[in-house]
Amino acid sequence: MQEVKDFKPTIVAFCCNWCSYAGADLAGSSRLSYPADVKIIRVPCSGRVNPMFILKAFERGADGVIICGCHPGDCHYSTGNYYTRRRLALLYSMLDYMGIERGRTRVEWVSAAEGVKFSTVMNKFVEDIRALGECVKLGDIRCKD
Amino acid sequence: MKKDMELANEVIRISGANPIRCMKCGKCSASCPSFNEMEYAPHKFVDMVVHGRIEELMESKSIFHCLSCFACVERCPRGVEPAKIVEAIRVVKQRQIGENYLDANDIPAIVDEQIPQQALVSAFRKFKK
Amino acid sequence: MLKIGVFVCWCGSNIAATVDVKQVVEAVKLQQGVVFATDYQYMCSEAGQLIMRNAIEEYKLDGVVICSCSPRMHEATFRKNAERAGLNPFMVEIANIREHCSWIHKDVEEGTIKAIALANAAIAKVKLNAPLISGESGVTKRALVIGGGIAGIQTALDIAEAGFQVDIVEKSPTIGGNMAKLDKTFPTLDCSACILTPKMVDAAANPNIELLTYSEVEKVSGFVGNFKATIRKKARYINTDLCTGCGDCMSKCPSKKGKNEFNCGLNNRPAIYIPFAQAIPNVAVIDPVQCIKITKDKCGLCQTVCSAKAIDYKQQDEIIEREYGAIVAATGYKPIKLDKFDEYGYSQSKDVITSLELERLMNAAGPTGGKLVKPSDGSHPHTITFIQCVGSRDISGRGKCYCSKICCMYTAKHAMLIRDKYPDVNVNVFYIDVRTPGKNYDEFYRRAVEEYNVNYIKGQVGKVYESDGHLVLQASDLLNNEQILVNSDMVVLATAIEADESAKKVASMLTASIDTNNFLTEAHAKLRPVESPTAGIFLSGVCQGPKDIPETVSQASACAAKVIGLLSKAKLVTNPCVAHSDELLCNGCSNCANVCPYGAIGYETKLINDHGIRENRRVAVVNPALCQGCGACTVACPSGAMDLFGFSNSQIMAEVEAICKK
Amino acid sequence: MQGLELKLKERLQKLLDDGTVDCVIGWTKGEFIYDVTPAIFTKESGLDGFVYNSFCGANLSKYLVSQITSDKKFAVILKPCDTYSMNQLITEHRVNRENIYIIGVGCSGHIDIDKVKAQGVSGITNVIDNDNNIIINSIYGDSKIEKASVLLSKCQSCKGSELKISDEIIGEGIKTPTCDERFDGVKKLEAMTAEERFAFWKSELSKCIRCNACRNICPACTCRTCVFDNARSNVAAKANATEFEEKMFHIIRAFHVAGRCTDCGECSRVCPQSIPLHLLNRKFIKDINEFYGDYQAGEESNQRNPLVNFTESDIEATVISDKEGK
Amino acid sequence: MKKLALSNLNSLYNAINDKMKLYLPIENNGAVNFGEYSDGANVNLNKMTIKSAKDAFFPQCEDLSNFKKEGKHIIVEQGELVSENFVIFGVRACDVRAFHILDTVFLEGYLDTFYEARRKHGIVISLSCNKPEESCFCSNFGIDPAEPKGDVESYITDGYMYFNPVTQKGAEFMAQFDSLFENSDDKAVKELQVKIGDIVGKLPLSNLPLNEFGGDKLDALFNRPEWQGLSESCIGCGTCTYVCPTCQCYDVKDYKTNTGVKRFRCWDSCMRKDFTMMAHGTNRPSHLQRFRQRFMHKLVYHPANHNGEFSCVGCGRCVAKCPVSMNIVKVMKTLGGNK
């Protein structure tokens, strides 16, 4: 149990500029804390997130990757997150099929007004990743040293 | 006071209802067919649960005057579900006086043709909780 | 090798309390390419900005990273500042170490480590930034207002007044909307028609305004300043240029069983009709479903009687394409359907009516000529009971969760008008709360109680049923802790209002967001209440949320001011962070065009020189003026030909790599 | 089969002679009966060496991609399953339909020589296809094998005998009786635990030598430059230096063809290491069918690929992340 | 000559494995490739491996050096050379010959130290081909599958495996495990060799027009129109290159790790579009040029540079594995006018 506590996962969060990044800002200005393991990359739209970015993150040693976007129907670009939803549902299903832990990847819809949700989602995700431990099934061995 | 609230929380837990949502419109009491039989009308009931006045309710005959017709549940614009709260108080009361569960097999013996279906259904709900 | 400068902001103690800024400065100095790093109390202050400008000049910086608050806060500030120092503004990246770091973490060590990681990610990204030049796009000096109610009319009038062209597209045959149906208005009790019709006439007469009634917007493309709308002008079967509005056709039409929409269906109208006497345009329209000539090719009476020869049974829908610089949504509201509220007997008894129906019953131009009678038998009512909050503040799923805002006031108005005109009629009002914020509003309500003796009962009605020729209301009287039975001749339901059914379609056409109640979302609840988050789209009236007339008109004018501000600009600066396609890699497969919400991707056959092999290839070409930079195309593209300036594949991957370094 | 070959040859010769086409994409005979090679025949070269037999399993539609800029007209021989790929290529503008004359051939299944060899037969000199069974002559003696057991995997889950696009049809085909339900393999894996699945793919993909045969034969992989060959893509690699790169290549390849893959089975057929790559593509197909409704890429041209499409009520990705079970 | 009952082979493997690394054909999911031995490995000596034995001395990926960043300083670490003996077991005659071809490339002239170290420490135990396949054509190049050479030759017949040291290195290796072997005459082996000889005579690809190829045939072959048709069949994958025992082209790549850069080399293929890509681009932009390169290299350039020796050993792997059955035999027959 001690190990789980000390384990500091590397978590990459892709947030769309219009909703989720703003939601993260709101979480910040509302002082709603979540673990420092989460580091956010700003993208214009969740539809900008290429599955290769997700795999890249795992290659480099990420233990969890989460993508946040506007709620379906609210996309700033009107349809971007619908494509995200399809792409990532299929990608995640494939990773599961290859025996990679399902919990390591996630999509959440967080609006600009949902600072609380952002913080809740991140706390939960970090908790899940900590429970899963270090990602050993994906990741390039050359990035470990 | 603390004990009162504990009891109130118990009632809320059993009922699964959410009395704090009540906006005091009186729709429940307006819809209630047993209003005139009741010491505490449904809206009053909800308010008393919010304020932890459970023991008074348990002492009142009102809880057994509720027909469980669910008109208030159906009509409440806030989804408070007063009848479920009444029901929960009945359950708490039953448990306190140590009544046993009603076994479905015992029913035929005591069924009276005059007993309304509603009451039977209500009885099952009461004792199976 | 790029020369990067890093500036770490303390933000007073906002950042410095949880992030050791000095340590961040030392850490980033170790990064390849970083030639200068410093910290300062407030980077956004003039003094802070000067530090940045001086460093850009002294160290000949090619890229700048600011570790500070969210880029949503000050990215524009720092970019402008870079430009002042001669650096391309897009060579600036922000590491958000306040909202995403110092404010949410308490441990200084943890916060500092994370701040360094975020700074390193920004450094990794800025190394791959390319100088970008913002383009310019023109502004079409014409606005489109969707909806011809009081909101749309007011917005259009104000825009037209400023000298810009405006088109009002109204789906019904006349402008005027819901307000035209009202009898009197609160809190001054002036006649609705008297104050609205002059505005309608003004709109029709204004040379800058074109009314497209009986029309609907079908498609909108483009972007702020350059929208293109496709509008369907539905066939009226009337030549509007010839029709004089004499009304001869109406009296001759044999098919008279149409529900009169204007009178809320309380009486009938012929198949050919003018919606109401003051309709604008004052021309007839044929209901094609009802007309015998159109449905069965018989009759044709109206054509014979029309001296103006205005009737054309063969008329077709007309499609118009127009360009606009700004679009205003003013789609308004409608009362909710009452089919889930059986307890009030609305569908059982004719004497149970909605408030809007009451407006028509009391209106001199209404079905009864303004005489208040029971709809069931035309007799004079002795008691009228109003029920408030029918479907409002309802989270049970039957109604709407919000307060409809206008009901308390119009019910007071109705009660007063009835008591004024028919002192013998008793008026009861069942209410939950009476809400009267607004200038002279509470005074108005108190007059109903104090001067007109309207009987306000705190409580709700459980059921309404007929008994002995009158209605009985079973209700609670909460103040007396009683359940009461009230006899009444008529019951008036203060029905909740909801966004018009067209709002959802309009919102999705405009890519404007809507909330769960189908009200259009404003860009900022407090600071940008009349703009949609989508640039160039503005909100007027109830489409944004329930409002009364004064509030609607003021919002409509505010909206017009925003539109005028936009249309007055000679040029708009476009976002240079747009997609672009590498012709050597492009397969021409069309995947990107399929996902582009703006139609910004086209295809051309071009002569390509691929390492000495020259051939004509079908390749994707992005129109930078249309592209909004969402990047959906970049992921749809399997070959990686499509990329996005400002958020390129390599930039994002560099950030990923930097973040994952332990 | 020989009758079909003669008919084809005769018809193709006529098409070349009357100028309907300038070239024919067909097969030329090899050193053995089974090593036929796809080839382009021209008017000048004639149809010398043209062959059509039980080993003509390759999907010729891919050969048209490199001819998109050619101004010549091509006749191409397509089996029913190949026509799906042709439709998909037309949809994606990767072939020039106007310059293609499609001869659809009836098909009753093709033989996988590796499966014959796997039954222990070597030194093969000739194979005689007698519909239900095949007779093999080899330098080590003759043998007889049940045909169904050595059909190409794609034939074992045959999509049917209907030609989805063609300009003319020669020969009659029958739907090969399927001995495999299409998604059996995927379901078997799904039923395993995550650890078993992980071990399965680790073991299979460790064989990959990154020869790119799967990619280059694939009629959906038509990128002029693959991301894995593009030094600037950040994922380029010429070899699987690590376990991660093995997975990366195959996941992304399958993802890039997801919604476009017609399930032609060529990837598994050509893999020199016999990695069941079609199980990756079929997983995507199965998920697409389950999540978004049945979809068959190439069923007709100009369909909208489900990955560049959506409905408002699509399932959420969290359903996958939160799935219970193994 | 020594022999060992086949039933005791595992004890030999284990004995070798105790002392040094042992590579031999292992079956994994139906595919037989050379792999590192571990107890319980599924050894299969009957099937031709899919990849050649080349990996033993010239692995598909090999680290060359490591650059580590510490702040703004870079530390360079050289890749490690193999310094311990290892055994490669069950190598067929064709692959053994291929090692000599690789030697001419990596050891003559420019010395490849990584290859040299592996070669020095590697002990090759060859195995005769008892059942050559129809795709085999090694005899064209003077290779006798019944006499596989290497450091130790081995044969499987009569339930025994026979071992015959060829080189000093081989003899020293055998001596280490002497206790496991029994002495034997070479009667059974001779009988086997005759049998193999018979089969080889019957192989269908044993008469290739080699005379039409060689170091002096550049002008005669380079612009032959047949290249067009041949290359059109080829799909440009790297299967032939990667299963080939003699293809020796490699690319040097850098991989950015979290701490620096790892420089490694990996096999390249002349079939790839980016083969010999330079700053100005590639010098073989067309598919025909890339296709031609491979066969010209094997049949013309290599003999021109290395005393007339072809760099094909007739192992038949490309013949068996090409996805579209285009291969060196077809090229030779087409260009050699034998078809």
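Here the chain labels run A, B, C, D and E in written order, and each chain numbers its own residues starting at 1.
The rule is simple: a residue touches a chain if its C-beta (ideal position, glycine included) is under 8 Å from a C-beta of that chain, and two chains touch if they have at least 3 such contacts.
In this text the structure is predicted, and so the values were computed from the model without any measurement.
Taken together, chain B and chain D share the touching chains C. Path length between chain A and chain B in the touching-chain graph (shortest route): 2. The chain with its CA mean position farthest from that of chain B is E. Among the chains, the centre nearest to the mean of all shown protein C-alpha atoms is found for A.
Here C-E and A-D are compared, and the pair linked by more C-beta contacts is A-D. With centres defined as mean CA coordinates, chain E is found 30 Å away from chain D.
Measuring from the averaged C-alpha position of chain B to that of chain E gives a distance of 85 Å.
Centre to centre, using the average C-alpha position, chain A and chain C are separated by 31 Å.
Averaged C-alpha coordinates put the centre of chain C at 51 Å from the centre of chain D. Residues of chain E in contact with two or more other chains: 255, 258. The set of chain D residues that touch two or more partner chains comprises 225, 227, 234, 241, 307-309.
Going by the touch rule set out above, the chain pairs that meet are A-C, A-D, A-E, B-C, C-D, C-E, D-E. Taken in their complex, chain B has these residues touching chain C: 21, 23-32, 35-36, 41, 43-44, 71, 75-79. For chain C in complex with chain E, the residues that touch the partner chain are 30, 32, 610-613, 657, 660-662.
Every residue of chain C that touches chain A in the complex is listed here, in rising order: 70-73, 96, 98-101, 103-107, 110-111, 113-114, 117-118, 121, 508, 511, 513-514, 521, 533-534, 577, 595, 597, 628-632, 634-636, 644, 647, 649, 652-653, 655-657, 659-662.
Residues 255, 257-259, 262 of chain E are the ones touching chain A in the complex. Chain A makes touch with chain C in their complex at residues 10, 12, 17-18, 21-22, 24-25, 27-29, 31-34, 36, 39-45, 47-53, 56-57, 60-62, 70, 73-74, 76-80, 83, 87, 119, 143.
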